[in-house]
Amino acid sequence: DFQMALNEVHPAFGVSEEELEQVIQNGIIHYDAVIEEILKTGQLFVEQVRTSTRTPLVSILLHGPSGSGKTALAAYMAQASEYPFIKLISPDFMLGYGEPQKISAITKVFTDSYKSPLSVIVLDNIERLIEWTPMGARFSNGVLQTLLVLLKRRPPKGRRLLVIATSSLRPILTDLGLSDTFDSELRVPPITDLVSLEYVLQEVQLFNSDQERHRAIRMLQDAGFTANKNDYDSKLQIGIKKLLSMIEMARQEPENVAERLTTALMGLGM
Amino acid sequence: DFQMALNEVHPAFGVSEEELEQVIQNGIIHYDAVIEEILKTGQLFVEQVRTSTRTPLVSILLHGPSGSGKTALAAYMAQASEYPFIKLISPDFMLGYGEPQKISAITKVFTDSYKSPLSVIVLDNIERLIEWTPMGARFSNGVLQTLLVLLKRRPPKGRRLLVIATSSLRPILTDLGLSDTFDSELRVPPITDLVSLEYVLQEVQLFNSDQERHRAIRMLQDAGFTANKNDYDSKLQIGIKKLLSMIEMARQEPENVAERLTTALMGLGM
Amino acid sequence: DFQMALNEVHPAFGVSEEELEQVIQNGIIHYDAVIEEILKTGQLFVEQVRTSTRTPLVSILLHGPSGSGKTALAAYMAQASEYPFIKLISPDFMLGYGEPQKISAITKVFTDSYKSPLSVIVLDNIERLIEWTPMGARFSNGVLQTLLVLLKRRPPKGRRLLVIATSSLRPILTDLGLSDTFDSELRVPPITDLVSLEYVLQEVQLFNSDQERHRAIRMLQDAGFTANKNDYDSKLQIGIKKLLSMIEMARQEPENVAERLTTALMGLGM
Amino acid sequence: DFQMALNEVHPAFGVSEEELEQVIQNGIIHYDAVIEEILKTGQLFVEQVRTSTRTPLVSILLHGPSGSGKTALAAYMAQASEYPFIKLISPDFMLGYGEPQKISAITKVFTDSYKSPLSVIVLDNIERLIEWTPMGARFSNGVLQTLLVLLKRRPPKGRRLLVIATSSLRPILTDLGLSDTFDSELRVPPITDLVSLEYVLQEVQLFNSDQERHRAIRMLQDAGFTANKNDYDSKLQIGIKKLLSMIEMARQEPENVAERLTTALMGLGM
Amino acid sequence: DFQMALNEVHPAFGVSEEELEQVIQNGIIHYDAVIEEILKTGQLFVEQVRTSTRTPLVSILLHGPSGSGKTALAAYMAQASEYPFIKLISPDFMLGYGEPQKISAITKVFTDSYKSPLSVIVLDNIERLIEWTPMGARFSNGVLQTLLVLLKRRPPKGRRLLVIATSSLRPILTDLGLSDTFDSELRVPPITDLVSLEYVLQEVQLFNSDQERHRAIRMLQDAGFTANKNDYDSKLQIGIKKLLSMIEMARQEPENVAERLTTALMGLGM
Amino acid sequence: DFQMALNEVHPAFGVSEEELEQVIQNGIIHYDAVIEEILKTGQLFVEQVRTSTRTPLVSILLHGPSGSGKTALAAYMAQASEYPFIKLISPDFMLGYGEPQKISAITKVFTDSYKSPLSVIVLDNIERLIEWTPMGARFSNGVLQTLLVLLKRRPPKGRRLLVIATSSLRPILTDLGLSDTFDSELRVPPITDLVSLEYVLQEVQLFNSDQERHRAIRMLQDAGFTANKNDYDSKLQIGIKKLLSMIEMARQEPENVAERLTTALMGLGM
């Protein structure tokens, strides 16, 4: 069930619950086994931080193309940890901050976390935090350096911290000097096969009947999309986030839902 | 009728009506079917935001060459929404602002919009807002980053927002990191065929008789302009805005209107 | 007559007359038909702004090589308009201004103009206003962006504005993002034929007799300069401003006027 | 014994003991002869500074890939010196400092050291101190210049100072102008052979029996890792720091320890 | 006579006499006809400014290699003008000035000059005023722009100004946008023939007898230096300034004067 | 004798004696004739400044590879002058200074010198003063420009100044615009032959007997080092400063002195 994920989680005191829920507003849909794997690996790290005394700091990176669900998955893992300290660092809360303000806001969350025996920090959207733009390869070196230090600085004795970062900058991590920073990296892929797509369509009840949904899928097959996700020629390449947005758009024209969806998905490749 | 568009719209309270009217001062002329299509798509997004609970934020981009009518169409869509909150963000109101002032002015409009259940923001002229110049590829990264965040930040629970942005920067959106930002992109093309041109001439009554107008069109055909807009060799490539300006220039010499118009249009290609 | 131009103009109240006269101190010499054409086109735009309700803002650019007479012609057009508001924006008045001061000084002139029903602004020497230098392609992006906005911002309802800009940056307007900014562009060419040159010599009475002048022209012909301005191999390429300066230099040696002029003109090509 | 190192050291008064212990929390494991050699060379420099009057300032650099153990070894050498003044300069303590603050903090430690007859300063992580990032080759030149001066400035008469710096920037030291700065450079290599690896596994007691450990090593051999560290095709290339982190991760799944370790080590090469 | 130049000049009131004399401390030696020509041309411009009403502003540039005598010649011309206002703008007086201070100091001299009916300003060493360095082509654009404006800004009615600038930047004037700025450019060449050299040696009485001097010249000929200044293979290329300095050096070893001079001159080519 | 140099010098009042002695702490060892030559040339310039009225300002540059002895030789020359004003300008005294502070500190020393009839200034380590770094060719243009002016600005009438600068930037002096700045340049070479090396070993008494020293030299010969300094294939290339440091290192292992020295010297080439 598509709302199930959230309800299973009961975060403890001192947690920025509202902010986390905001980013998983549309729930986690299990359209593919990879989602389960990612969540399970996250759980393992949560356990490692809780139990191993030799690794008081563990940092992992969720990376993948735009809209593939990184933020939602990171927030979900954080909530599921049930640690007493759970915080989201997001560019959304730092609009208009100058570089020094950003640096001190980010640093403060880490310093605060050192007061709790067990903490998890979601460091969302590294590219936006460092104000990255491909044009001229510009970014805030000050924020980047702060992250480079914070992601390696051990918490004080007796404190443990898990950092879950998200980014779509994987291709240039090395150039930014971030390649050796994380203990582990997990890829969050886009949807590339019709089986996953159909699963999503069903979950969000875009169509009133199975029949209509099947018809839409056939229409997509006719348009050249393939069911097999290992097919490297697959024309389908869409993040769950954009897919959900397209579905709502299509919903506006009840008489033409399948056509509009097909057109929208085909428009992506261009 | 060339003034009809505006009069059909009755904007609600809390709307910056005057500013919007200013940019559609010369009305919307329906010289081609594409204008209708653009306006209709805009209407669909207006409805989606009004009705779908899963997409509280929708952002679209009107792009096209200089003077093709982007700002007027965006303003028209916004007015037609009849949402309680309609605002125009334009570089015209930010002359002499430093980067931090610009950032906070833009952010404020978004924050204000969160107080209304339904809002539409026209984000006009992205290239000027980010102070883009091709020479040295300079721009304000601070403003760009602010837009990147605002265009993706969900409004608080129960609030919904439609953003209609305009820009002629389409070719470099990817380099600016803006390519995955919009839910949809609509192209506003320039006028490239004589049929559209003649429609405009008629609407603005440049000539006193149909005869004179036909003569002018023939003169243009003789000069090598073609009637067919699918003709890729078409020498005609002019935004509605510049066309209207040329028409007024030609009007100054009543005895030579057709000649002057032809000369002006031929001068463009050089 | 070489002083005639100025005396025909009677500017109205509120006009920065002194500054304008300063830049046309040496009058307008009608050495070629192109001068007449430029002035007449200027007059047409003056009329358009005065009469057409659909184009409350018209901006034109006088461009050409260094010293070709751009500033003098722009100032002349402005004075001849007899609009109630006539202002010159020139880098001469902004020495030592920082970028923000420059921006606000320029903006103020435009804002002031909005108080008059009819205004003309001479925006002199765009390259200097934006502090352009070819070395490293440096310039003030802040000032450039201000110009880009001001040159397109419509005056408030009922106000009309004509902007006459001058620049020798034509070759890089596109790189600066200024190419679609002006409603019209007029080229002010340098002097390239001996007929024009002789006209000037006569006007400023460099020689005491026609004979002497003819002798000088022959000397120039012998030196390889041609009478025909359509001759693309013409070695002559000189702005009226530099020519007037050379003439004064030559005047210093009464016994050698023709020789000195020839030498000076030949030195240019090197 | 894997905790032995630390307990043998009894630092004198005025020493930042806690900070130093923090960075060698996991002790020094003698998995290879090179560790002994590095420590012995360090000891020699400690003696030279203590005894030779002609070299009151000696600076050495520990360099090597990320996580190879540079910081821990430098801190160990410093503690082992038993000098009255032992200080750690680390980017961890300078988060949010601007360039001038950083410069003065670093300078202060050196100036303080001049008050003690014998001092050792660990200058940890030069790349982070100078805020180096490969992207655009950005760094703080102010901090770099400060280091260039401090690393060569002789202490006042009667004072002696040993500086132990760490860095993974060896490949670009020359470009930074740092190549002639150090009296000696010591390479801290990563682990590249299974013998060293097995030594570490034994020390940290990842497996409950020798049998299980042997099985894991065989599994790694089957996966293509070689025992011989002089084998240049060795797929193994891992810093002791990351290895210890992977071991803890593997420990989470008691039933699959060997498999998880193998997978993790193989993932590095990709 | 080598001190004659100075004594012939009697500057009027309001002149910064001391500063000017400082830079021509070693007088003007007439080692070649070109010196006379330069001075005479300067005199012509002085006359033009004094007499012609159409050119109230004349600016000339003395350019040439390092130490060729530009500053001394410019100062000499200025003094010889006997104008009531004579000022030297030199980087020597602006040490430690920031860009805005420099700009206002330079501007002030020009503004002051407008109070005198006749003024001459020596604008010494443009490259230093704009803080030019070939490495990275760095310079102060603010100062450059100020010069670009001041060198073209007409003095108020009834005021006349001659600007004599010096620079060794001739090769990059175009890149700096300075190429059309000066009414005239005069080259100050280095010494390239033995005849000029011998003239200088005689003037400064390096040798006690003609015989000794002749011997030195022969020694130089043997070393490959040629007497003919039109010989393009000439190895001799030395500014009068450096030559005078070498002569003083050679004077220190009375027994070896000729040898030392030859060695020094030969060292230049390397 | 290796301490002899210093004791022969008796600096006059107003001299920063302590600072100068600090930099020649290890004395001047006359390991090669070139040292004598350099010092003698220095003496000649000291005399020239003292005696010649035509050259009140003389500036020379000691350049050479890192640690070749530039600073010590410059300080020695300055002390030996016995001028009433002797000052050392060194980056060591300017740690943490911003650009303006640096500029004013440097300028002050020059201005102070103008109060003494005879002055010598050691301008040590130009590369550090201008904060040069090869990476990105960064440096402080402000400090560079200050040096460019100060190194050419004549002291006031009756004052004389000798500037002895040191730098290892010789290869890029031209790019920095410093190539025509100095009246003379002296190269301070590194040690490249075993004869010089042995001389140094003897002076600092590394070995207890001639026999042991001879054995060490033979060991070096066997390792491929050659006695002949004109041998361009010479593997030996070491500054006296680093050599002295290596010697002290080797001294730590009395049983292995020769071996350690050989290893250290061989390590340089890599």
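For clarity, chains are labelled A, B, C, D, E and F in written order, and residue numbers in each chain start from 1.
Just so it is clear, a residue touches a chain if its C-beta (ideal position, glycine included) is under 8 Å from a C-beta of that chain, and two chains touch if they have at least 3 such contacts.
Being a predicted model, the structure only gives us computed values, none of them experimental.
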Required minimum of steps from chain C to chain F, each step between chains that touch: 2
Set of chains adjacent to chain E and to chain F: none
Relative to chain F, chain with the most remote C-alpha centre: B
Chain of greatest Cα-centre distance to chain C: D
Rounded Å distance, chain B centre to chain F centre (Cα mean): 69
Inter-chain centre distance, chain A versus chain C - centres from mean C-alpha coordinates, in Å: 60
Whole-Å gap between the CA centroids of chain D and chain F: 34
Chain F, residues touching no fewer than two other chains: none
Arrangement of touching chains [line / ring / star / complete / other]: ring
Complete ring sequence of chains beginning with chain B, oriented so that chain C follows: B, C, E, F, D, A
Touch list for chain D against partner chain F, complex: 44-45, 47-48, 51-52, 54-55, 58, 100, 103-104, 107, 137, 139, 141-142, 144-146, 148-150, 153-154, 157, 172, 174-177, 180, 183-184
Residue ranges of chain D in contact with chain A within the complex: 22, 25-26, 66-67, 91-92, 95-96, 98, 127-128, 131-136, 138, 204, 242, 244-245, 247-249, 251-253
